[in-house]
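Below are structures written as structure tokens.
Both complexes below contain chain A, partnered by chain B and then by chain C.
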Partner chain A sequence: MNLDILAQMVVSGALMGLIYALIAYGFQLTYATSKSINFGQGELVMLSAFFSLTLLNLGAPYWLMVPGGLLFGAVMGLIVERACVRLSLEQKSEGWILLTIIFGLLGFSSAENIWGRDDRPFPSPISADALNFFGISITGLEIAVALGVFLIMSIIELFKRKTLLGKAFEAVSADRDAAELMGISATKTIMLSYGLSGMVAAMAGILISPITTVGPTMASALILKAFSVAVVAGLDSGFGVVIIGIFLGALESLTSFYLGSGWREAPGLILLIMALAVRPNGVFGKANIRKV
Partner chain B sequence: MIKRILLLRGTEILCLLLLASIPFAIDNAYVLGLLTLLTIYGILLIGLDVTVGYLGQVNLAQAAFLGLGAYAGALSVSLLGLDMLGALGVSMLTGLLLGALLAFPALRLEGPQFALATLSFSALSTTVLNEWESLTGGAQGLSLTRPALFGHAFNAPGFYWLCLILLALVWMAMRNLLASQWGRAFEALRDSPIATDAMGVSTFRHKVAGFAFGSSLGGLAGGLYAFNFQYLQPQSFTYDLMVILLLGVVLGGRKSLWGAFFGAALIVLLPNLLSNRLLFELISATGLLLAIIAGGRGWLKKTTPAFQALAPIIAMSLLVTGGYLVENTENWRKAIFALMLFAVVVGLPDGIMGFAARYLTRLFRIAPATLAKPSNLTDVLPLSPSDDQVLLELKNLTRYFGGVKAVDGISMSIQKGHVHGLIGPNGSGKSTAVNVISGLYAPTSGEILLLGHPLPHGSLFKVARSGVSRTFQNLQLFGELSALNNVMLALKDAYRIPLPMVMLGLAKKEDHRAQADALALLNLVGLKEQANVHARDLTYGAQRFLEIARALACKPELLILDEPAAGLAHPDAAKLVLIIKAIRQRGITTILIEHHMNIVSELCDVVTVIDGGRVIAQGTANEVKRDPIVIQAYLGVADDEPVIASS
Partner chain C sequence: MKKTLLATLLLGTLTTPAFAADTIKIALTGPFSGGSAPMGTSMRDGARLAINEINASGGISVGTKKKKIEIIERDDEGKNERGALIAQELASMGDLSGVIGTVNTGVVLAGDKHLQEKGITKIITPAAGSASMTQWSKAGTKDVSIFRFAAHDGIQSSMVIEEAINQKFTKIAILHDATNYGASGHDDLIDQIKKQGNKLEIVATEKFNIGDKDMTAQLLSAKAHGAQAILIWGIGPEMAAVSNGMAKLGMKIPLIGGWTLSMSNYIDNAGKNGNGTLMPQTFIEDAITPKVKSFIDGYHKTYNVTRIPSPVSAAQGYDAVYIFAAAVKQAQSEDTHKIKDALEDLREPVKGVITTWKHPFSKWDPANEQTHEAFRRSDAVMGKIQDGHVIFANQSDRQRLINNAAR
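Let's turn to the complex of A and B:
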């Protein structure tokens, strides 16, 4: 076996895995405040990517496109919260699962009809040329992915820890009822978490598009792996998603190399089912105590 | 009663005859194809409704079970040379086994995790069907021929009749199943898994069985699907189909056989409805009109929240305006599904058939089925003689949560036939102690002995089966079940008939007897007249009493009442005292956790006082009331006053 190829596979896979980790991080944000996640998050990634591409095509410069795309993602996140999540949470039902799936369906169909079914290239000022590190080639785009993922996660974590609004976020995550008694509006905090989550999804879309191209189905495989990462790491695990993301990315890269690219999705799916069977709260998650 | 049977069964038989006779009247291959598909989807959706409706979980794997069943049926014909019956058996078995396999890991999961597990399963099965090319032909697809049944080859109408017969059989089996203890258990574990286990009904067993049964119907439908189209492709069974199936169940109406059938009809007809412009505009306009009328009425009467009234109107308006702007509605098929589904999920949670059923019941004045005559209470709860035996013994019981010592070494014994009070300030560890005894938590250390035998640790179900039953401080009733069904569910040793016989409808007699017994218990707590009321619609006091009746249905050696008087109005509290006295007369030992000292004084033979997770006093109510340590625990004591220790 050629060790160089192996190392190359692991590194490229791991860099892809960071994108899964970023989307999974978006799940964590909403799960923390409301114990709900957006099953249409993949469509959010895709719609934001299409929107950003449209901005570029309209002549917006790259530095303007990024905040524009992020804003779009945040607004979509807020719409999901209002239309699909809030009512179910008020009724303490799990209707949000179905409603966010429906939202995803609507988003998918709209994208298909507005932007067409074909994949389109996404221009980027960052070079796609490969750089060589100890015999492993890494493209500038891949480095940009890694930097972008860590940048946005750090900003949000800093926001949660250093600002008053962020502390409200942490308070609602820790104990919703107690936070409400302290005068923090849980509804507004959940809105905030959905806005942030949408923004994270948009960031993932903007980062991955130059590598994978943009199309209606661009996120359908991505999202399954993000689910796996979120569940395997634990939906309340913090930075655990990064470790699991890197691990899964590397694993599936090796799988597709040795078993064929059709089996690429298998390890994530198997890991997810296994994790749910053995550790439903995830590798890094905390077990919660049943109360009556 | 006769009217009820006539109307309900009559409609079913009439519908069946009508469907069966269509091929005689219309000789049209296209119509026949649609009808066949209708029966297949009918079976599929009845299966999906078990998880989505009765178990209340979002199941995203039914399309995968359809696919796996289809491939299993097809391959058993081409590789093993089985005939129709054998192949359909293989299809069904595939669904059953894989369903059970998936149910085991998915068992402990609820809500999003369950949906994710089923989603992964279906993605995985698509991958396998695609990649195992040597067996399935991969993306190229798999062609097959329709097998014969006992040498009889099927033409198109013949195959349709076969599908129709199978649908009728599935329908009957399902109706019998849902009317039995199984149906009650499905709904109970959706409303409160904790209480289901605590009543000695295994959530584990019923969840696996329910999911596997639903999946086996998916497999059966898959087999029929394969022999109908005689060509299979993995792409047919993906997420897209799954969403459409969910649309069918939800739009038709959850928890309803007619709803599943209606949903199937909708799925089959929808592509045709969409391709016809005029028809589409008609449907969307009707939808908008309905949304406006229903939403407006609900909003004016303030019965529905603004969002619930408004959102369907917005969705339907989008559908109508979109219909005018868009050139080709078929390209927007998924968006149209999405908008319709959104409007129904938000505005009409019971689905179209749920709504229609309520309306028709009122229109035809269909009375609920008449109830059995209550049994004699002594037959249900035999009088047990009280002697001086020790029933329950706790030896140095502890339970820690991290650093918190909630129960910190409790030793006590409870005599048979006593009402044993357990009191103490808030946070003293009373509830944790009974949660450990009843199996919700495993003890950190220590022993629990019932009649000298150790009780199982950390399993509500096993402890309940050993003869300990309880009520909950925060009510854990099965809200969607009637008061009667709440009690019937918990009835111990009443259901012995095995599952296949239940499906054949042979459990009716047994159920009737259980109903009589349950009514006797309802009578004991004064709720006989409200037997058919949903538990969630009962008054607060009645809900408390219903929990007691339900706990008694487990025929316990030891009954634990966790703050039964909490929040009760005075007349209800007086009623509670009478109920507990009646229970004591039957010789049932009771642990009573209570804050109302007058109730404790009136009822309890012995009172144990707990503070800080330890026993601080024990004696009659009057003794402990005067104990200085107890007074100190409840009221505190000034620093300069010396505390007199009691020995």
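Let's turn to the complex of A and C:
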């Protein structure tokens, strides 16, 4: 077997896997604090990408578009929290599942009506030309995706560990009731987590758009993979999603090559079933011990 | 008082059909949104252009009157189930003269049976999948009211294989999407390789799904097996991902495929990586004759664009309307069944932008679906993408069309 091809396949797959990981990270952030997930996360990725594209079309320079897009994502995250999650958490119900799905559908229809249903190219100052590393071709765009993923995840993880607000975040994640007794507002922390999660979704949208093009369905395939990654890695695993994401991406490429392209989607699903059967808390998840 | 009211009402219901018959109702259907929208909207806009011209000249002479064309538009979104619903609705209208359109072969298969049941005349354009017409010949249907006005996949795949053989390739890879269209295109290509003497060896056959963006694995498989060209059957966005993937992997081999490679969402998303891509075309946006020039200028001006999103669809939509109008004139009726009979034996040549159509269709023969196919091999040319535009791949084709028009 040609080693070059094997390496190329693993690298290309792994880069795709990093995108899954970034979206999966958005799931983790909200699950940590509130034990709830935004099932419309894919639509947040798509809406942020459309918003950023609109900014660019209005003539905004690239350096202004990125923070603009991130801000939009954060605001959308806050709206999701206020409209779909807060009330059902207060009532200790699972209503957020349905509400976030509905919010996603609403976002999808709005995007179709506002921006149309066509896939559009997303301009990027980074060149799409391929660079060659030891016989492996990687485009500048792919490197940007990898750097962007690590950058935003590192910033958020640092924030969680080093700042007072971040420590509150960790405290609520560890034990919500105890944290509230210490005077930390769980509601505000959950808001923060949804804001951050929306921002991560926006970052994902901006990073992948030059590769995937922007359209209402751009994230619908990605979101399922990201969900698999989040569950397999464990919904509270931090950087675990990166490892699982890279692994899944590479596995998909290899399956597609050796077993045929019709089998491409299979490994993700098998992995998901296996993880749920063997390690329900995820490969990197911590087992929940609840003292009573 | 009551009696007058009743009489007025009765009179009202009696006179309405008479009003309706003052126009000729034609339905335009297709995906005006979604991944196939460039083809759907171009077809619709090309057809509208022709209808506006006909209406501006007073309409079509039927009997002693001149009747204008009334358009009914339906967006099937490229979805089979929507297509079936729309076909049912149109079939139940009663006073419809005919239907022009449909882009997706799956939609044709889901919807046309409802129109056929009522004998409503339909001209399919630009859907190219072979099954659209062979479904009737396979079933042995005696009388068919469905006609096709597009270079079907049989013609296209033969041109693609011909091109690969002419360029002296021996090993090729086939990539196709997992839809009806992609799968039937794949079968047509294999058929044609056999028909043209088994000169090509298929070293890899790879599939991709709608929405896939990373084609590395499929392309590496083609590369590892030494493919000298990639033959592709799919729609715009995914084929653009293939072109971009080829550029990334430094694969400088030709991409040859179905006419969908001329879709604007392929050309735009592939950018400079699309240069050199080859595909069969029935119309190229190049003002080679005065008639073609006035069509292109008219389209640009009316819809305020500098490039037709899918020139093939626009030209086919435009010519299809003129052929339909010629049938109405010959039938001297807006009755859809009489129009069908006239289409099967069109006596006067129709001057279109693609060519001058002489007797495009003939009486349906269940053993030969070609009787309801307008296009022949000579009506199609190879197109090539160059800097965001589709141009003639061979200058000889361009010259041939100019000579034909002059004759």
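FYI, the second predicted complex is superposed on the first by the 283 of 292 C-alpha atoms of A that agree within 3 Å, B and C clash if a C-alpha of one lies under 4 Å from a C-alpha of the other, contacts with A are read in each partner's own complex, and residues count from 1 in each chain.
One rule holds in what follows: contacts are C-beta pairs under 8 Å (C-beta built on N, C-alpha and C of every residue); 3 or more make two chains touch, one makes a residue touch a chain.
Note that the structure is predicted; figures quoted are calculated from it, not measured.
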{"item": "Touched partner set for A:Lys167, first chain B, second chain C, both or neither", "value": "neither"}
{"item": "Which of chain B and chain C A:Ala130 touches, first, second, both or neither", "value": "second"}
{"item": "Partner chain(s) touched by A:Pro280 [first = chain B, second = chain C, both, neither]", "value": "first"}
{"item": "Partner chain in contact with A:Gly262 - chain B first, chain C second, else both or neither", "value": "both"}
{"item": "Partner chain in contact with A:Thr212 - chain B first, chain C second, else both or neither", "value": "second"}
{"item": "First, second, both or neither for A:Arg176, with chain B first and chain C second", "value": "neither"}
{"item": "Chain A residues contacted in one complex by chain B, in the other by chain C", "value": "112, 220, 260, 262, 265"}
{"item": "Residues of chain B touching chain A in the complex", "value": "56, 58, 102, 104-106, 108-109, 111-113, 115-117, 119-121, 123-124, 127, 130-131, 194, 239, 243, 246, 250, 305, 307-308, 311, 326, 331-335, 337-339, 341-342, 345-346, 349, 401, 435, 440-441, 472-474, 476"}
{"item": "Of chain A, residues touching chain C in the complex", "value": "2, 5, 8-9, 12-13, 16, 112, 116-121, 128-130, 132, 137-139, 211-213, 215, 217, 220-221, 252-254, 256-257, 260-262, 264-265"}
{"item": "Complex interface listing, chain C residues touching chain A", "value": "33-35, 37-38, 77, 178, 206-209, 211-214, 216-218, 220-221, 223-224, 236-237, 240, 244, 247-250, 265, 268-269, 271"}
{"item": "Parts of chain A lying in touch with chain B, wherever the complex brings them together", "value": "36-37, 39, 83, 86-87, 90, 94-95, 97-99, 101-103, 105-106, 108-110, 112-113, 220, 224, 227-228, 231, 260, 262-263, 265-266, 268-270, 272-274, 276-277, 280, 289-290, 292"}
